[in-house]
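What follows is chain A paired twice: with chain B in the first complex and chain C in the second.
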Partner chain A sequence: MPEVVVIGGGPAGMAAALAAHRRGARVVLIEASDDVGGQYWRHLPAARATADEHELHHGWNRFQTFRNALRDIEVVCDGHVWSVDRRDGRPPRVHVLVGPADGQRREARTFEPDALVIATGAHERTLPFPGWDLPGVYTAGAAQALAKGERVAVGRNVLVAGSGPFLLPVVSSLIRTGARVAGVLEAAGPVQLARGWGSKPWRLAKAGAKGAELAGYVRDLARHRVPYRTGRAVVAAHGTDRVESVTISRLDGNWSPIPGTDSRIAVDAVCVSHGFVPRSELAIAAGCRATNGIVDVDGNQLTSVPGVFSAGELTGIGGVDLALAEGEIAGAAAAGYAPPPAAARARDTFREFAKRLETAHGIRPGWQSWVDDSTLVCRCEDVTAGELRATAAMTGTRGLRSLKLTTRAGLGICQGRTCGRAVEELAAGPAGLLDAGRTAHRPIATPVRLGELASLREDPS
Partner chain B sequence: MSIRIEVDGQPVEAEEGQTIAGVLLSQGRVSWRRSAKTGKARGIFCGIGVCFDCLVVVNGLRDVRACQRRAADGDRVDFQEAAAGDRGESQEAAAGDQSGNRFQGSDVDA
Partner chain C sequence: MSSERVLVVGAGIVGAAIARVLARAGREVVVLDRGATAGGTSSGGEGNILVSDKGPGAELRLTQRSLVAWDRVRQELRDELPAGFPDLELDHKGGLVVATTDAGAKGLREFAETQRAAGIVAEEVDRARAFELEPDLTRDFTAAVFYPQDAQIQPVVATEALLAAARRHGAEVRQGVEVTGGVHTGGRLTGVHTTAGTLGADAVVVASGPWSAEVASRLGVVLPVRPRRGTVLVTSRMPYRIRRKVYDADYVGAVGSGSADLQTSSVVESTAAGTVLIGSSRERRGFDDRIEARVVAELAAKALLLFPFLADAQVMRAYGGFRPFVPDHLPIIGPDPRLPGLWHATGHEGAGIGLSLATGDLIGELFAGDRPENEFGLDRPGLAAALDGRGAEGER
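Let's turn to the complex of A and B:
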């Protein structure tokens, strides 16, 4: 009976764990938080469970079915995978600390699986703008997590901005937790949106469930008279020690602000997200090949490393339906079976959806023109765009590593998760960087206290 | 069920299952830390454990992500890297580095 370890208890990881379990594998599912569900099905903890939980979720019953089925599987909650050791020709050894996030004296566990599924998901990408580090400026995901997981609204008068359909469920969650949503600003303009969503629209019909979900969010916008405007962005946030107002601007097709179109509105919170970044550090540490931050997989969701599979946002940002299909295929393949045909068909449908998503809402380079030299880029180490640009110009380097070491951008405690992509794009001259993608390399995947590290026993093997 | 914790020296009622970030936001706080170099205010940004903006000291152990840690009855939460105006004077000694083991890894660069 092969042992399959799945890292990540979101939709892709749950689907993978169940698919492998149903095909006879011994499965261990490792999840960093204290329950499964991932960001998509983030919910109140058991101690605060409410009867109306389903109102904040799409497909809540589907999640319940998954969670019930997981009862026969070993699920390691509060399991923090902090490193993987590569082994020749087989999946890496997986090192886990089990206990509260950022705790101490947690239990160390090591797995040597026959097959490994990495389904660590993604986090949001927020493009920097002047004032984006003011308290009261949140990622859209923070608003979502605090609404779903805490029932707290991040403000009373909230503007939602950025790009992509994910902004819409955030609006619905804010409304349901009592906030007034002043509006939604989508950076993509009508031309970009039409290029993604308007071509071959009959093919979208196959992704019908997705359409129904989005239609629900749009109804919320209409019912609460929340204006939705395209081709616009928050280009600055203002306030002392917390956001008090924002400047919004119209954008051209390249996402450069159009001069003379600025206006200022008062808000007490603003939620900004421009898409997602795969959480790829463990896949990279395992040696998996990636292209532009997306882990390469074949039709079985197999990565470039024997016995290592990947599924979900890590292999391309595509949402829950794609994650579930890929997870099922990865789990089946990890247990030694061919992709289930229905899952393979769903994967094709939702990959098409993902492609449209990127065309319609993908970041355009004009954003750099709203980042003036005083704009903070690296929040941990307080590095401005001006310092980055000046260092790149002064040294003439095309090496990201030396730019990072000189400016300290991306070297702070978040390890470049928040600013990495922005640093790379701002630092890249016309000739490009020699070592693009380096900001995603984090051999130690989650912070470990020195005391814990010191107390780990040497592996007998 | 309601629990009792101490935030910056003051007793606070919270609900079991709330994260420390949830408790702090419910109190109306939006920031509780200062950035290292320029002293800019920091609170919650990503809400999912990615940005590390929301670090607090929990029961003497520093560098705990407030958004990732559920409040437990009796927890003592202090603020780290806070500016003088951010907290009552009596707390100045409390938030020091009592754990003696800060995160390593901030200079790891593969």
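Let's turn to the complex of A and C:
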């Protein structure tokens, strides 16, 4: 019976764990938070469960089905994979600390699986703008987490801005928690949107469920008279103690603000999201090849490392349906089986959707022109865009590693998870960086206390 | 000879120091690196300028020169760098070497005695003085020696500063250009082939750290330099509690050892940014860049022997580097007698940040011809075995 370890209890990881289990593998699913479900099915803790979860969650019944099925599998919640040790020709050794994230004497567990599925998902990407560090400016994901996990609205008069369909469920979550949503600003303009969504629309028909989900959000916009405007962005937030107003600009096709189109509106909160960045540190530490931060996989979701599979946002930002299909394929393959045909078909359909998503909403470099020299880029270490640009000019380096160490951008406690991509893009001069992608190298995948590390030596479990 | 053109292969701190010295002397200097500036060993360590780990001899003398040079160059850089250039963070904080066993205490005392004879300030301190220097130090130690000359610098800023100064004196720095072979004319090296075309030169200085053996072999000679791996842990920011560089007395033994096996001994210090660096491991295993849990755990355990309060500190990052290791533990600096036109400046192992300036000065003197004797030449007895093929020692 092969042992399959799955890292990540979101949709992809759950699907992988179940698929491997149903094919006879001994499965351990490791999830860093206190319950499975991931960001997509984030919910109130069981102790405070309510009957209306389904109203805040799309596909809640599907989640319940998954969760029930996982009863026969060992699920390690609060399981923090802090390191993976590459081994030649085999999946890496997986080092886990089990217990609360900031715990002291967490239980150390080590796995040497026959197959490993990495399904660590993505974190949100937010492009910086002047004032984005003011209280009252939230990432859309944080606002949604507060709505879904705490039932708290971030403000009374909220503007949602950024790019991508993820803005829409955030609006719905905000409305459900009683906020007034002043509007939604999509940075992509009509031409970019049409290139992604408008060409060969019949190919999208198979992604019907996705369409129905989106249609639901759009109905929410209409019912609550929330204006949805394209080709616009929040280019500055203003306020003394917290955000009081924002400047909105129209953008050209490259996402550069068009001079003379600024307007200012009063808000008490802003939720911003510009898509997602794969959480690739474990995959990279395991030695998996990646292209532009996306882990390379074959038709079985196999990475470049023997026995290591990957699924979900890590292999391309595509949403829950793609994650579920890829997870099922990865789990089956990890247990030694060919891709289930239905899952393979679904994967093809939703990959098409993912491709369009990137075309329609992908970030364009013009955003850099709304970042002035005083804009904070790295919030952990207080590094402004001006410092980054000036230091890059003074040293002339084409190395991100050098620039990080001369400015400290990306060296703080978040280790570049928030700012890494922005730092890379702002740092790249005309000649480009010679070590792009460096911000995803985090061999210590999550902070660990020295005392815990030291005890691992005495107790090699 | 002011029109002499010198190619420096390697944009790390040693190449940067050489480029600055030669450009200041009016030579035409081009620095080549297959990667970006400060992207190799110079950004993989802690920024040590240490006398405490060196016994009497050539390397210690080079270190003593470097200590003086760093203070001089810091002044000179004020005029050579634009306003707003990041701070070098040069800090003469001193080092405290601590033994935790009786055997370690004896070894430490004997070592310090030999260093004092060589002109190093090495004060054995009593418990009260030790805790004055380092209030949170472990209570379980058997001897402590304070080395006020030990210093720390931010190594990447230092490298970029020296390169920027070199550029200001006319040097050119070309990144992403890899040397692929040598141009030989009448038994002399007269240039290099690169991924960006062929470049002629009166001299080529290989300052490629642990990669120097490969560059040298592309140019046609064998060089006994191999990588020795190190790993450093970084904590999240914390209140300032560690004031000096603090080492386990084992560190000195590990530095001087030639063993390929994993060795760790504590080196713990704060940085200007508020993080604490915990080193350091030494292991020879080629250019394998894995950061392994066993090494991390070993480093953590040793650091706690010196500072028990660190048990609660969060490690947020680990990084590794490759030190350029030479069998007799001395850098190789100077012209290659086997191939006129070829020069070397490598093999500083873990001491390259500190030794870079003296290395640059020495190369400058050798170029100018005003330094007849050189303790770091390839023709020294300690390298004979390695150079004639008997010194392979079965290593990668």
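We take it that the second predicted complex is superposed on the first by the 456 of 461 C-alpha atoms of A that agree within 3 Å, B and C clash if a C-alpha of one lies under 4 Å from a C-alpha of the other, contacts with A are read in each partner's own complex, and residues count from 1 in each chain.
To be clear about the criterion, a residue touches a chain if its C-beta (ideal position, glycine included) is under 8 Å from a C-beta of that chain, and two chains touch if they have at least 3 such contacts.
Just so we're clear, the structure is a prediction, and the values are computed from it rather than from any experiment.
Of the two partner chains placed by the overlay, neither chain B nor chain C lies in contact with A:Val305.
Of the two partner chains placed by the overlay, only chain C lies in contact with A:Thr395; chain B stays clear of it. Legend: residue contacts after superposition of the two complexes on their common chain; A:Val234 is shown touching neither chain B nor chain C.
In the superposition on chain A, contact is made by A:Val448 with both chain B and chain C. Using the contact criterion defined above for the overlaid structures, shared-chain residue A:Arg86 touches chain C, although it does not reach chain B. By the touch criterion stated above, A:Leu411 is placed in contact with chain B and with chain C alike. In the overlay built on the shared chain, the residue A:Arg379 is in contact with chain B alone; chain C does not reach it.
In the superposed pair of complexes, A:Pro100 makes contact with chain B only, with no contact to chain C. When both complexes are overlaid on chain A, the residue A:Asp34 reaches chain B alone and has no touch with chain C. Among chain B and chain C, the chain that touches a larger number of residues in chain A is B.
Overlaid on A, the two complexes show chain B and chain C touching the same residues of chain A, namely 104, 381, 401, 405, 411-413, 415, 442-444, 447-451, 453. The touching residues of chain B, counted against chain A in their complex, run 1, 15-19, 21-22, 25-26, 30-31, 35-38, 40-53, 55, 61, 63-65, 67-70, 99, 101-110.
Interface residues of chain A, counted against chain C in their complex, comprise 83, 85-86, 93, 95, 104, 285, 381, 390-391, 394-402, 405-408, 411-413, 415, 431, 433-435, 442-444, 447-451, 453-454, 456-458, 460. Residues 35-39, 43, 81-82, 84-86, 154, 156-157, 159-160, 163-164, 167, 173, 175-176, 233, 235-237, 273, 275, 278, 290-294, 296-301, 303-304, 310-319 of chain C are the ones that touch chain A when the two sit in their complex.
Contact residues on chain A toward chain B in their complex (touch as defined above): 32-34, 39, 44-48, 100-104, 123-124, 133-139, 141-146, 149-150, 152, 154, 241-242, 376, 379-382, 401, 404-405, 411-415, 417-418, 438, 441-444, 447-451, 453.
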